[in-house]
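Presented sequentially are two complexes of chain A, the first with chain B as partner and the second with chain C.
Presenting the complex of A and B:
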């Protein structure tokens, strides 16, 4: 592996764990996949659709997201929103995140 | 999967990416595996030896850590320390971490 591949791998690993948290936090408002991708991008989370869309389906299977089809527009779109269980997970993830942040600050 | 297994999985994923950063930050001073485990634990990173020891060997293979055997004590121990490349990676990881933290704050 080249140095830049090593770097990219480690950065990727650091980002991966934050995507679920970012998605749950954004889905307080029902949002369809592509709009979520844009919101995350605007917030600084550059996630690929090939990563995000399977993740949304997985979170729905786990009961952390609910979904509803909106068929009022010309093109039907599936809107996701965070469920009660998803809110509980988000609270735990944010608490863990703050704790990790404090730990890293102690080590710096 | 039970709810608690789902939760544990997501928390685990969030922590995973931070362990490399925490290890590199701690290894400014040459340290052997078990002592590093204890330092990380004291800082709030509860890493298992089965996770940490293979990680140290991987980081050494990637040139991010250097190691030296200390044979002065009754039991020889391998001391790891961060290399120049490791320092550069740590700087990048910390910058990415700060950027992710700012992004999460924007979404909350």
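Presenting the complex of A and C:
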């Protein structure tokens, strides 16, 4: 019944805010930008690099992520990991997510 | 020559604050290199330069990525400021442009320019003012947009919207008495003018009789039709006020009456038969610089514009009224 283009548009809207949750959830293990992009992609969160990389910087500026340069390998990479504040935010976001889901189920 | 990666990194980071630039650049280099490795692993036949090209292309326009890092908006005027921007532009355009147009035409007539020159000056002056209005308004808005804190743009512009700003909707059902009075007055003045100009005039003949402004020969036919049409329009105003409602038949009647008035007047003016030739000659002597023949042009353009407006307006209102029909008197839908 639902037109695929319409569905795709709404799914994109719905997923936009979830990228932050997915990134915070993934980054309990320190990871660099491109690897995070690949693991998000594998988990079904298709996010463009030009969205994700600035997003990581913004989360870092907000104190939700910490970062560290890893220069042990031949290619220096910036590793991000979730901070205590980031963990707390993720918990809050997940609680909100659950309550939204519960509300919608009740409305149905 | 710099590599594609270096060119891209430079394009992205040059607009960033000094202290972030090198950090972002290093990360971006590693990211592109990682992507190139992944692409080469997927397709061993790919050349490394082609892989670099593809990796950079995926990151898209550097201006977009750069704006992502700085948080700068990628628009001149955002949705928050847009309604106020368009509102101000509209107000300026509908007030300033007609004033400029009228002023240039009056100045042109007073300084005795040719008809073509007057129209040319008016078009050029109006166009210039329009360009200035658009440019300066847009510039001010862009500066406000860039300097205001997010979410506060509308407040910085000084007038957040309130329900009191709502304009009256165009009234299709219900004809206000003021509209009828104004219409009857104007039509009455027109009738009085057409008849009165025959007996009262600025100019006199050699015998001392008043010199009519409109050609007296027209009284045998054309002017009677014009006066008849004006009287019929007055009757129409009364009928429409009593009906209190625009309908398609009323719009047809209005169209026929307007055409019955406008077409003879326009035709007479265009063929230079409307005005009394001795009257124009006297006028020419009085206005040294101005060709009295322009009166014909002014008359036919004015009549044409007003007539077209009247006809369009009556049809618009008739259509609105037909749509409003299912609404209750208080404007609320009467659903069961």
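Quick notes on this structure:
Keep in mind that, in the parts below, the second predicted complex is superposed on the first by the 99 of 108 C-alpha atoms of A that agree within 3 Å, B and C clash if a C-alpha of one lies under 4 Å from a C-alpha of the other, contacts with A are read in each partner's own complex, and residues count from 1 in each chain.
To be clear about the criterion, a residue touches a chain if its C-beta (ideal position, glycine included) is under 8 Å from a C-beta of that chain, and two chains touch if they have at least 3 such contacts.
Here the structure is a predicted model, which means the values were calculated and not measured.
Considering which of chain B and chain C touches more of chain A, the answer is B. By the touch criterion defined above, A:60 reaches neither chain B nor chain C.
By the touch criterion stated above, A:75 is placed in contact with chain C alone, chain B being left untouched. When the two complexes are overlaid on their common chain A, residue A:10 makes contact with chain B while staying clear of chain C. Judged by the touch definition given at the top, the superposed model places A:87 against neither chain B nor chain C. Judged by the touch definition given at the top, the superposed model places A:32 against chain C, while chain B stays out of reach.
Of the two partner chains placed by superposition, only chain C is touched by A:48; chain B is not. The residues of chain A shared by its contacts with chain B and with chain C come to none at all. Note for the complex: chain C touches chain A at residues 23-24, 26-28, 30-31, 33-35, 38, 58-60, 64-65, 68-69, 71. On chain B, the positions that touch chain A within their shared complex are 1, 3, 6-7, 10-11, 13-18, 20-22, 25-26, 43-45, 62-64, 85, 89, 92-94, 96-97, 99-104, 106-108. The touching residues of chain A, when paired with chain C in their complex, are 32-35, 38, 48-51, 53-55, 57-58, 69, 75-78.
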